[in-house]
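Shown below is the structure under consideration.
We just call them A, B, C, D and E in the order they show up, numbering each chain from 1.
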Amino acid sequence: MLYRTAGQFKTSYAADHALFPVRQDAILLGVVLILAFVVFPLTASEFAFRALLIPVLIYALAALGLNILTGYAGQLSLGTGAFMGVGAYACYKLITLFPEMNIVVAIALSGFFSAGVGALFGLPSLRIKGFYLAIATLAAQFFLVWLFQKWDWLYNYSASGAIHVPNISMFGITVAGPRAAAITQYYFVLAIVCVVTFFAINITRGRIGRMWKAVRDMDIAAELVGINLMRAKLTAFFVSSYIVGVSGALFVFLWRGAAEANLFDIPLSFRVLFIAIIGGLGSILGNYLGAILIVALPVIISAVPAMLGLPLASATVEHLNVMIIGVLIITFLIVEPHGLARFWAVIREKLILWPFPH
Amino acid sequence: MDFLNAIFVQPFADMAAAPDFLLQVVWEGLVGGVLYALIALGFVLIYKSSRIFNFAQGIMVVFAALTLVGLTEKGVPALLALPLTLLVMLVLAVTIERAVLRPLVNQPDIILFMATIGITLFLIGFGEIIFGGENKVMITRELMIPTDSITLDLFGGFVSIEQKDLTSVIGAVLLVAALLLFLNRTKTGRAIRALGDDHQAALSVGISLSTIWVVVWFIAGVIALATGIAWGARAGVSFALEVIAYKALPVLMLGGLESVMGAIIGGLAIGILEKLFEVYWGQPLMGGNTEAWFAYVVALIVLLFRPQGLFGERIIERV
Amino acid sequence: MKKMMKTAALSAALAAGVALALPASAQEDSIYIPNLSYRTGPFAATGTPLMNGQRDYITLLNERDGGLNGVELTYDECETGYNTEKGVECYERTKENAVVTQPWSTGITLQVLPKSNVDEIPILAPGYGFSPMADGKVFQWAFNPPSSYWDGASMILKHISEGDLDNLNGKKIALLHLDHPYGKEPIPLLQALAEQHGFTLLPIPVGLTEMQNQSAQWLQIRRERPDFVLMWGWGAMNAGAVTEAAKTRYPMDQFIGIWWSGHDGDLKLIGEEGKGYRSISWSVPVPDSQLVQDIRQYVVEPGKSLIENESELDSVFYQRGLMISAMLVEAIRAAQEEFDTQAPDAEQVRWGLENLNMDEARLEELGATGMLVPFKTSCADHTGHGGAWMLEWDGEKFVKVSDLITPDREAIEPLEKQEAEAYAAANAPWPVNEECEM
Amino acid sequence: MNERPDHVMLTAPDDGIARGDVLLEAKNISLAFGGVKALTDISLNILKGEIRAIIGPNGAGKTSMLNVVNGFYTPQHGSIVFRGRERRAMKPHHAVGQGIARTFQNVALFKGMSTLDNIMAGRSVMMKRHIGWQMLWHGPALREEIVHRETVEEIIDFLEIQHIRHTPVGKLPYGLQKRVELGRALAMEPSLLLLDEPMAGMNLEEKEDMSRFIIDVNQQRGTTIALIEHDMGVVMDLSDRVAVLDYGKKIADGTPDAVKNDQGVIDAYLGVPH
Amino acid sequence: MMTTSAAVPAQEPDNLILEVNNIEVIYDRVILVLKGVSLSVPKGGITALLGANGAGKTTTLKAISNLLHAERGEVTKGNIVFDGAQVHNLSPNDLVRRGCIQVMEGRHCFGHLSVEDNLLTGAFTRRDGQTAIREDLELVYTYFPRLKERRGSQAGYTSGGEQQMTAIGRALMSRPKMILLDEPSMGLAPQLVEEIFEIVKQLNEERNVSFLLAEQNTNVALRYAKYGYILESGRIVLDGEARALRENEDVKEFYLGIGGEGRRSFRNVKHYKRRKRWLS
């Protein structure tokens, strides 16, 4: 009965098109936002910010970008890491070429570079499908990482080939760079992630989202109801890569503080893909749930033996960790192939009926 | 002009000037290509029979090689370790069939693909716990693989051919021949091909999926072991071997996910071409390491013109 | 009903928030020494003996002496797999009570370096990291004793040119390096020296994914026929390179590696064929030293070591691991004495690292005669530039084949200064300690 | 609510062609897939405002013919004249733009989307607001969404599928899926509607309903309809003219009665009652 | 619609090779396709399952041969007895072993395999040795002489009729007691259809193979079958002796295409029936 939807009637299409037609959903979101904006900042330690909260948000954003491409438009991509790299390097160049540029502007602009590169590598999707396309996106992955290494202009000819985030202030507060406080960075990331998520929800439920989903569910039929496949796929690559690029910029500027080309290599792509799939393809919420599971879980698992006082070597813990993640992925795929988001949907449906069984 | 010269003229002049070196480059590429082809073959077999894009093929190479070496390190004689390793690969195949494939039957491709990444992670962790992560020496001598090298004096220079490379090439050829014989001449082989052609029909005539899957994953395991021995003899056995699996993926694009011949020819072609490109164009012009992406870009370009790959059949879409 | 739901949700949220404030592993009566180790992944082969050495040295102190001046040393490994991302996570996880951080990868060092001024935890990166960290005025919290990569490059050149770099005029020197911050580190110095002394530098990068398949790189070497090949290799790359060198018939006596490319395990892979390969090193294994005997007695025999067989005790990397811990412990000891405290904090340990004096007498007291180059750090000099020896593979083990070689500081120092200043400028505001005297 | 609401019908776009004139003409169409002939030299026309049926045994090439008409396949020979314009090849989405909509033999709905979204997808061509407005949702994008939603709701009312508005279509029974698919085609406001086996898998009552929908669409909106159907009763009752295909060739064309009594048709398709 | 089953003498259970009792099939856990279908096939009989596209014929056959599982469908109610044993939990492989094999709609030959290899795959479940299999291969060739001529060609390049023959021959190779034959006439010229059905009849008479055939071509099917069931929207709406069905007015009207008298034209339906059919 906690989740009763009965009695909530919609009297206009506008109301039916509201973000949360069900009141309880809105309340729940409110609670989550209070948690994110008030409770966590009050309670979290610096370690929690840096190892849990900030990465969860950034990874969720990257997964959201990928999800638009894979979950909504049905184009499997294994090149997410490289597109994050494009965003990060673009932001780095913008900041170092125009030191006066506001960091928000720089991050927003860097997304466009990644979007452009993404759309370029999305071109093959017009002819190639399925796994062939997935492998084609690996071409982007390997080529771009190679480029990040070889094109020394990108990292301002630094000897190590790494880029470093300088101290950047906004309104007198240091938001990026070594001097930035974790809590500031957390709020900064949270704000951007919230805004992008809001936009993403709107895009995915409107005309463009329908177009993508149609292409995903049956591209031939989509073409035959008048959807321009090329437009639909390329916008998906564009929007997806934009978000991924922004997440890449945040990844380096608001979290890592420095980066080398290898950071954007294939494990990063897979990590984001895991998040999107475990969270649930074609769901916005899923990205957050997936990120919590994939990013936070290893951190917690590695802390468990120490808490229990088990004398396990750190390497063994790490091996076990890898094994557990592997098993978890398989288990989740078996139990709920549609991801955590579907899990939540089932729970929500149960809650609507609760306490009655049917 | 200099630029064009460096691209279109100089490399060929270099090739002509040092034919022994060119031969050496081609040979190196060929040896690499044979291994790519083997890995691609493992992918193809599994894909054909179960529509699973088996990402774990790379880690299976490592796991097989590690098991072999690990067993010898624990004091098992090499000639006993080899069948034992095969047994381990069989157990692995059965386990994967029971624990992963069977519960996930009929799921979308991407789910199965993710599951094989899950298997990859599991095997990485498991392998490291059991065998440790350090670089190990392939038991080349114990397996009676010759390790000397043959130097051929040619064109006023020399071509150096490692006997173990030669052995792995010959071994690979024999393995492929045996495999083709198995696929074409035996009941199980016929069933595997049938399954690749038409899943439903194969089920309908009573071909047992679980049996075939175990067989196919086991064969993939055998191929992995062969690859592991060959590659391990070149560069030692460690988890870094896993990355060669990435090299097999463009081979698959080029050859088609379902074509055995495609995997072999694609593998050889990519092995040789990437080496030539790296040595004559990549290193002088682009700062090297082009092998990281060359195969992908070639495959991508080919696919743009032939979306079904070099050996795939034309796809006719129906509604 | 709605209210109840809200309360429930809020309290759940609070609980989650509390959980986020993870308990730190604080212990009052001990000194917490975290180590960002890597015993997994493609670099595990080289990491493991180093970590074993570091760990066993600390265990020895705790077992034999009951700690350091009565305080237990808590050695804690956090596994990074040589992965920069994991490394940073480990850094964040362990920094709370740490008196030092040992990033164990040039990539992680570069990540942690900008934070050092803020977090105020000294970075100890012996023989790795950013070479200009030697400049203690700029990098107040970073230490890379006893020699930096640039020192290493300089010493190798000095050795192969028989003392006079101008002998290299007209020669071609290849730098086979891991395409990673670590491998790229010596390039600026080598380039500067190449210009100065008229030799050609040919950097040959090996990608992380190509470590075991270097045939393209060695084909290039065969074509270019460099007079010397220097190697900045790590993990599986070393074994691959030495194997390929043997195959390409590149003369082993023209092939020299940095100290991280001198791992017994790598060379054992090719045995006899690797004979003549040299690796510069600031540590030398001394199998029967007092220290190693103590380790055997107090750590290995009671089964407190993680080593897999005793022969590992005599390997270059294991003993180097011992020496690294020895440097750290000596710094802590110095801090204890200076500040008259049992458990010095990070700031005090930093002082200890700045005033490290590992002379031969001290080494002898530690039972480690000849195991480490003697060196001395100061406020301005965070490296010590102790120099190194040349080791050569005799087919079974590495043996010392040279006297102590010292780097050509005059050539290096200006470049160090310049790079350090550039770094500070790029990371402004970056505090510079002008009080240091040279 | 026994009477169908009158305001439902979105009228077919005025294409300047009078009722009874040729709307579409296929001339000498031949189509082959890698040597296998699917269609051989087929000519047929569709008149404005009629219900035109194409029948024939399975594999006779009926669906291929529809695919040629709406641009999904490009024939090797022959051309299509639609609304007076001749063409060999066109992209399917252009065909939609010109007013050709269709349904599919094996329901080609977007399975992961709700009924509402499926039908809304049919209006993709008519929705123009760009991504900037989409992101914000409020303002023009929302207004556009609501305008089209109203039209779609009319179709939903007409087809009586209100109750499954928010159900993912993958979960609907076959008969309802067919109806949703018809709704999606209607949302495109076509002047020519191609229906590929609209009655497949339906029982008599459902067929009667579907027939009524087809007739209403045809009569009230003036939409020209071409349909493929196996149920001879339906075909004979509904259609104005019937073309019979067999082995990719046209073997008969004419009024239902003429076709029914054509000996060639009886031999090839209807079968000889023994 | 009326049911004529009462008019037929009850079939003796031990004479039945197949008995399907009130099965319900659900796809993807939500789509109810069969809503309680019961039918039976006597030993040595040819029984036809008739109905329009999408009525559930194929689903019924797949439920029996257990190929449903591969399409995310499952039997949620009822049971299936083949040759005296409950079989609805067995794998297709087990069923073939027990002698029940399906020939799928649209032939489904293995396109890249030769005709002979196609036939040999049918013997996958057999354990009685090469000679026996070779003998059966020759037997199949005597029934389908055309296949012998084409034995070496890739099945994908043979004609529709040859593929249908290959598919049936392949099923024969498993030495079945019963063949579930799905739409054998699909896409075939009338003459070929007759040819195929003649062979079915021969096999039935000479080899004592029972058949359950799903057909849209009611006309042909009812000429060869002894008994028939008519399926509509997942329910059996009519069943009876083939002869009786052929005389039935409704069947004539809806399935044989020969106009019954007094039938209401679809054009004359004046309003929609407002019933919640989706709940059924």
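One rule holds in what follows: a residue touches a chain if its C-beta (ideal position, glycine included) is under 8 Å from a C-beta of that chain, and two chains touch if they have at least 3 such contacts.
This structure is a prediction, so every number in the text was calculated from the model and none was measured.
J.: Which contact partners do subunit A and subunit C have in common?
T.: Both subunit A and subunit C are touched by B, going by the contact rule given at the top.
J.: Along touching chains only, what is the step distance from subunit C to subunit D?
T.: Graph distance in the chain contact network comes out at 2.
J.: Starting from the Cα centroid of subunit A, hunt down the chain whose centroid lies farthest away.
T.: Between subunit A and every other chain, the largest centroid distance is to E.
J.: Please work out the Cα centroid separation of subunit B and subunit D, and write it as a whole number of Å.
T.: Whole-Å distance between the two chain centres: 49.
J.: Could you put a whole-Å number on the gap between the CA centroids of subunit C and subunit E?
T.: 74
J.: For subunit A and subunit B, let me know how many angstrom lie between their CA-based centres, rounded off.
T.: That gives a centre separation of 33 Å.
J.: Quick one: report the Å distance separating subunit A from subunit D, using the average Cα coordinate of each chain.
T.: Those two chain centres are 41 Å apart.
J.: Residues touching two or more other chains, restricted to subunit D: which are they?
T.: 72, 104, 108
J.: Which subunit A residues reach two or more other chains?
T.: Residue numbers touching two or more other chains: 146, 149, 220-221, 224, 315, 319, 322.
J.: Hey, which residues of subunit D end up touching subunit A in the complex?
T.: Subunit D residues touching subunit A: 70, 72, 91-93, 95-97, 101-102, 104, 108-113, 117, 120-122, 124-125, 127, 129, 131, 134-137, 141-142, 144-146, 149-150, 153, 184-185, 188.
J.: Taking the complex as given, what residues does subunit B use to touch subunit E?
T.: Residue list for subunit B touching subunit E: 105-106, 187, 190-191, 193-194, 196-209.
J.: Going by the contact rule set out above, which residues of subunit E touch subunit D in the complex?
T.: 28, 30-33, 52-55, 160, 183, 186-187, 189-190, 216-217, 219-220, 223, 232-233, 253-254, 256-258, 263, 265-267, 269-278
J.: Along subunit A, where are the residues that touch subunit C in the complex?
T.: The touching residues are 1-2, 24, 27-28, 31, 34-35, 39-40, 42-48, 50-53, 146, 149, 159-162, 164-167, 177-179, 256-258, 260, 262-263, 265, 267-268, 299, 302-303, 306-307, 313-315, 317-319, 322.
J.: Give every residue of subunit C touching subunit A within the complex, in rising order.
T.: 1-2, 5-6, 9-10, 13-14, 16-18, 20-25, 37-40, 44, 76-79, 81, 83-85, 88-89, 92-93, 96, 106-107, 110-111, 114-115, 117-118, 130, 179-181, 184-185, 187-188, 205, 207-208, 306, 419, 426-429
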